[in-house]
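In the two complexes that follow, chain A is the common piece, with chain B as its partner first and chain C second.
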Partner chain A sequence: MDLKEKLTASFLAFENQVDTDTYVHDVRNEAIKIFEEKGFPTKKEEAWKYTSLNSVLKEDYSVFPKKENAIEYNDVKKYFIHDIDTFNVVFIDGKYSSHLSQTTHDGLDVCLMSSALTKPKYRLIIENYFNKAATKDSLPSLNTAFSSEGAYIHIPKNKLVQKPIQIIYFSTGNEAATMLQPRNLIVVDENSHVQIIERHQSLTDNPVLTNSVTEIFTNKRAIVDYYKIQNDNQSATLIDNTFIKQKQESVASVHTFAFGGKLVRNNLNFYQTGERIESTLKGVTIIGDKQHVDHNTLVHHIEPNCESHQDYKGIFGENSTGVFNGKIIVEKEAQKTNAFQANNNILISDKATINTKPQLEIFADDVKCSHGCTIGQLDESAMFYMRSRGIPEKEAKALLMYAFSNNVLSSVKIPEIKQRITKIIANKLGVNIGFDL
Partner chain B sequence: MLKIENLHASVEDKAILRGINLEVKAGEVHAIMGPNGSGKSTLASVIAGKEEYEVTEGDITFNGEDIHELAAEERAHKGVFLSFQYPVEIPGVSVTNFMKTAINETRKAKGLEDMPAKDMLKLIREKSELLEIDRKFLSRSLNEGFSGGEKKRNEIFQMAMLEPKLAILDETDSGLDIDALRIVANGVNKLKSKDNAVIVITHYQRLLDYIVPDFVHVLYNGRIVKSGGKELAHELEEKGYDWIKEEVNA
Partner chain C sequence: MNKYTEDDLREELKTKEYEYGFYTDIESDTFPVGLNEDIVRAISHRKEEPEWMTEWRLEAFRAWEKMIEPEWANVHYTKPDFQAISYYSAPNSKPKYNSLDEVDPELLATFAKLGISLDEQKKLSGVAMDVVVDSVSVATTFKKTLGEKGIIFCSISEALREHPDLVKKYIGTVVPQKDNFYAALNSAVFSDGSFCYIPKGVKCPMELSTYFRINQAGTGQFERTLVIADEGSYVSYLEGCTAPSRDENQLHAAVVELIALDDAEIKYSTVQNWYPGNAEGKGGVFNFVTKRGLCEKNAKISWTQVETGSAVTWKYPSCVLKGDNSVGEFYSIAVTNNYQQADTGTKMIHLGKNTKSTIISKGISAGKSQNSYRGLVKISPNADNARNFSQCDSLLMGNECGAHTFPYIEAKNKSAKIEHEATTSKIGEDQIFYCNQRGIDTEKAIALIVNGFSKEVLNKLPMEFAVEAQKLLEISLEGSVG
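Now for the complex of A and B:
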């Protein structure tokens, strides 16, 4: 039985476990039909031309966690941003870990999707928002069909959330292979501001396939800063489907730091449904070995006077491959749109590959759109300059690569994240960069 | 300190240096002049260890040690410094962070611990004051968007920080206004001692009024074709290079 058959066959059993008398029940049923019909994407689809899931799908995944697993905080502390006070919503093999979490209902909700999906007091929000931003593509639909757990965050209006919220998914490798379907819903009401950090971390070398969906709604003048730290084991695959629906004057940014995993696919979609919206999509990718990272972005400009900024930097070593596919749609009504996209790449090995493709569909006439992509090697004259000052080749390379990614790092608003990322970069490059930020 | 014998160097099979002989002793200042394209920057780069240039013949020794196989950073650790004719822009690395890295890597190579942050700050303050460099400047990306003169002043700031044994200044005077020229020359002179040496590459007598050379060499077509005292620079300023070219071609 292949994975698709296994999943569709388990759906009934899954549905029986959960409350069937809800709005979500119908959504799930519709979603499994879509997945059944479309199946896993293949390279024949334009959006998956450079990313094949074949090697990932052949594992025999357990699709539900069989038992609850526990881990000690001290063993996983390093995966937390722990030097500042944060809310934490933590999952182990897809199940909520109250032990590692710090949630709240005090003036805002930072809690669990499983409660939101079942408790009457969340019903209105669920009916208004759940699956209202996600597309009907096969992988988001698969997630929707099996959605039962994840982070649920609701920030009511006029609230500046002081502590960042960390959403962390651990997998213990207690099963030979695990498939996870995390589902996050984040609703930020008028004038509120929140910062969120998301991470998926496998703790062993057993294969993990995560097909995650995050829906984010930013209401009028809301501000959301979202950071994705992807630095997983070589046996972990992440398909991240993130959908952000913005209302007027809201400001949303997503920074994606892709350093690891076997295969990572980021489907990041922004929908601007109001005027004077700002959307920022930034990313740093540093990979080697046979790693594969694919950034597939969409910014849909629907209303006038909005802006979007995309800036993705990639450094590819050894046999790694990168994909950047950035689509910008500017609808006819979206006059005075300002859309910027840049994708710069450095190949530090002859065997590394990058496929980069901007796609612009512009139907309005009074817009400013710019896009550019570059693929290059490390600047030799800069290398000699640094080495002539006594900085050895390896460190000079690292410094150049760090400098290359610095544009993206400089817009990170949480200093502890910036420090953490700098450390990961230094680690990746096998050097000790001689300064802190 | 530096001894170059019959040095030939080429890039992509094109010979640029064709038999250079030069000896620089501790405490000396040498000026190298010569027409555009004669090989002055190439000589500087070869001494500093730029791999792009292939040494096809000859020897370079530094304090008695053959350095021609050494990497650029190893030469730097031994005390060779090149002030670039065209300093390279490195966006994303601040002047301060760059210098901290350079100093600590040099210390590491000598088996020393990192310089304590306090001492580093003090050193940076002291040397930036010497070259009248504004503090704000130090947090900017290295050379990015610096004016021509700012870049050159920054090179000498780096030299002051690293305190090399042999400093090669490749057209450090070009792009400097009159005040900056004085400040930079003053900086170089402050760092001069009987234990170190300077090679000044320049087109103009002006700089040599401040940094007075013990020897002046003329490089033409990849060879040192004439050497003399500081009066040779005056002669060149007056008469140009034609008479030398004629002498050589005769």
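Now for the complex of A and C:
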């Protein structure tokens, strides 16, 4: 039985075991139909031309977590940004872990999707926002059909959230292969500001397939900073679907740091449904081995006077493959749009591959849109400069690569994250320098 | 001072009719409509082709029958009914002429209207022309001069009769019969086209040029061009197209194959001005072309195109950089107006070491047209030190048109250096203001700006062609080009 059959067959059992609110019930039923019809994407689809899921889908995944697994905080402390005070929403094998988490209902809601989906007091928000930004593509639909758990964050009007919120998904690997489908909903009301960090981490080498959907709604003048840290084991596969719907004058930024995983696919979609919106998409990818990282971004400019800024840097070693597929659509009404996109890559191995496709679709005439894309090597004269001053080759290379990705790091607003990423980069490049020279 | 604004320009563009819309009444000898093996055989027979060629066509036809018409391009149109097309049409006034005086005067008048009379061409520009009117070559000039150098420049059917070995050796080597839907169709039914062979070490002394015209109602034209530059040779080849105004859609599915052997250089320039349809988007030519060149060691292929016509354009002149140190270039201006749609670009396939490619693409869209750039730069694992530079700029006039870019970049070699940049903009009010301030009226200013925008590509055209290219740009965007 292949994974698709297994999933569709288990849908009924799943529906029966969760409390069914009528609205969510309908949404789920509709979603499973879409998935049944479309199935898993293949390389024949334009959006998946360079990324094949075949090697991932052949595993025999268990699709429901069987029991709650406990893990000790000290064992996983290193995966937290633990040097600052944060709200934490932690899941182990898809189940909520109350002793690792720190949630709140005090002035804002940082809690669980499962309770939001069932408790009447959240009904209005769920009906207004749940599945309203996600597309009807097969993988988001699959997630919608099985959506039951994840983080639910609602920030009411005029609230500056003092602590960042960490959302962490652990998988213990207690079963041979696990499939997880977390679902996050983040609603930020007028004038509010929140910072969120998301991470997926498997604790063993057993294969994990995560098909995650995050919907973010930024209302008028809201500000959202979102950081994705992807440094998982090389047996883990992550398909991340993030949809951000922005209202007027809101500011949203997503930083994606992709260092790990066997296969990572980031579908990051921004919809600008108001005027004077700013969207920022930035990413650093440093991978080696047989890793595969695919960034698939969409910025949809629907209203006038908006801006979007994309900057993705990639360093690819060994047999790794990098894919960047960035799409900017500017609708006829979206005059005075200012859209910028850059994708710079360095290949450091003969067996590494880069496929990049920066795409512009423009229907308005009074716009400034540009994209740039480069593939190149480290500057030899810069290398020589450092070598001639006694910096060993490895360190010199690392410094150059760090400098290369610094553009993206410089806009990270939480210093602890910056330090953490710097450490991961140093680790990844095999050097023992701090970079904060 | 009468103020000429962008709005006026837009208005003018809307009402601008195709100036070259006329129809020459030459009796044609046309096949029944429809396509089957018998038609393919009949075409081959009519052209007095050798047996292997008939088989080659049939093979292509059988492959084509199994193929599905591609839909991935960013264009929308009613698919042509391939069984409603007549696949062969040749002007009746045979046999061939020895001098211009013998040519059908009406035909000469047609060329005169286009401003490309053979006479003028002969006298003034020193260009040898192989004139194709509805598929059959009617006049070849300067053949003698070329013959002295050993250059073969003739119609492909003549080449099949007189140089079958050369044709057999190279045809289908760059664009195989089964390459794609339209290439297969072309391979099966191509009626004529040009053949050119430059021997070793010869620099072709003049620009070679061919004019293709679609002239008979309901006949799709399927030309086949094969240019072979032997080791160390050089040739500059010009191709220009204009077609008469007609209401039903006409299909144009050409195949062009270029082969540049070691140290050879081919420069291939196109000015395309098929009938684009009227202001309501009715009629117009479908231009689905496969153009590809193969570069051996140290060879260079340069494509230059000015695309102003056709209702739907779908073409990607490509370079396969097979030999070490080979160079591929692509310079393009694509202008779309009214309801025209263009999906054009290039493919640069880097296989050899130290290969270089340059892509400069300028898209100008006005009216309700859609203009897309679609390109592929591929660096294979063995292509050490490959270098690519791509630049695609789009200029939008009015808010009902669209400009799109779909660049694909695939790199599998760490020493590759690839740059790609694209911009989209409109003519800035500050730019116009700057010109106005200095006493240049708005019309001139727009002309200057559009001209400047496309200069990089216009400069690449051979002198003889640059004039015509300017002319065609004027027709497509009158008022904006000085």
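One rule holds for everything that comes next: the second predicted complex is superposed on the first by the 432 of 437 C-alpha atoms of A that agree within 3 Å, B and C clash if a C-alpha of one lies under 4 Å from a C-alpha of the other, contacts with A are read in each partner's own complex, and residues count from 1 in each chain.
As a working rule, a contact is a pair of C-beta atoms (placed from the backbone, for glycine too) under 8 Å apart; a residue touches a chain by one contact, two chains touch by 3 or more.
None of these values were measured; they are calculated from a predicted model.
Asker: Identify the partner contact of A:Ser388: answer first if only chain B is touched, second if only chain C is, both if each is, neither if none is.
Answerer: The answer is first: A:Ser388 touches chain B but not chain C.
Asker: Given the touch rule stated above, what does A:Gln335 touch, chain B (first), chain C (second), both, or neither?
Answerer: A:Gln335 sits against chain C, while chain B stays out of touch.
Asker: Pick one for A:Asp350: touches chain B only (first), chain C only (second), both, or neither.
Answerer: second
Asker: Should A:Tyr402 be classified as contacting the first partner (chain B), the second (chain C), both, or neither?
Answerer: Touch status of A:Tyr402: first partner only.
Asker: For A:Ala222, decide between first (touching chain B), second (touching chain C), both and neither.
Answerer: Touch partners of A:Ala222: none, neither chain B nor chain C.
Asker: Look at the residues of chain A and decide whether chain B or chain C touches more of them.
Answerer: C
Asker: Between chain B (first) and chain C (second), which, if any, makes contact with A:Glu380: first, second, both or neither?
Answerer: first
Asker: Tell me, which parts of chain B touch chain A in their complex?
Answerer: So the residues of chain B touching chain A come out as 45, 48-52, 71-73, 75-77, 80-82, 84, 87-93, 96-98, 100-106, 109, 114, 141, 158, 162.
Asker: Touching residues of chain A toward chain B in the complex: what are they?
Answerer: Against chain B, the touching part of chain A is residues 379-382, 384-393, 395-396, 399-400, 402-407, 433-435.
Asker: Show which residues of chain A lie in contact with chain C when the two form their complex.
Answerer: Going by the criterion above, the answer is residues 46, 50, 332, 335, 345, 347-377.
Asker: Please give the residue numbers of chain C that touch chain A in the complex, ascending.
Answerer: 72, 379, 381, 394, 396-426
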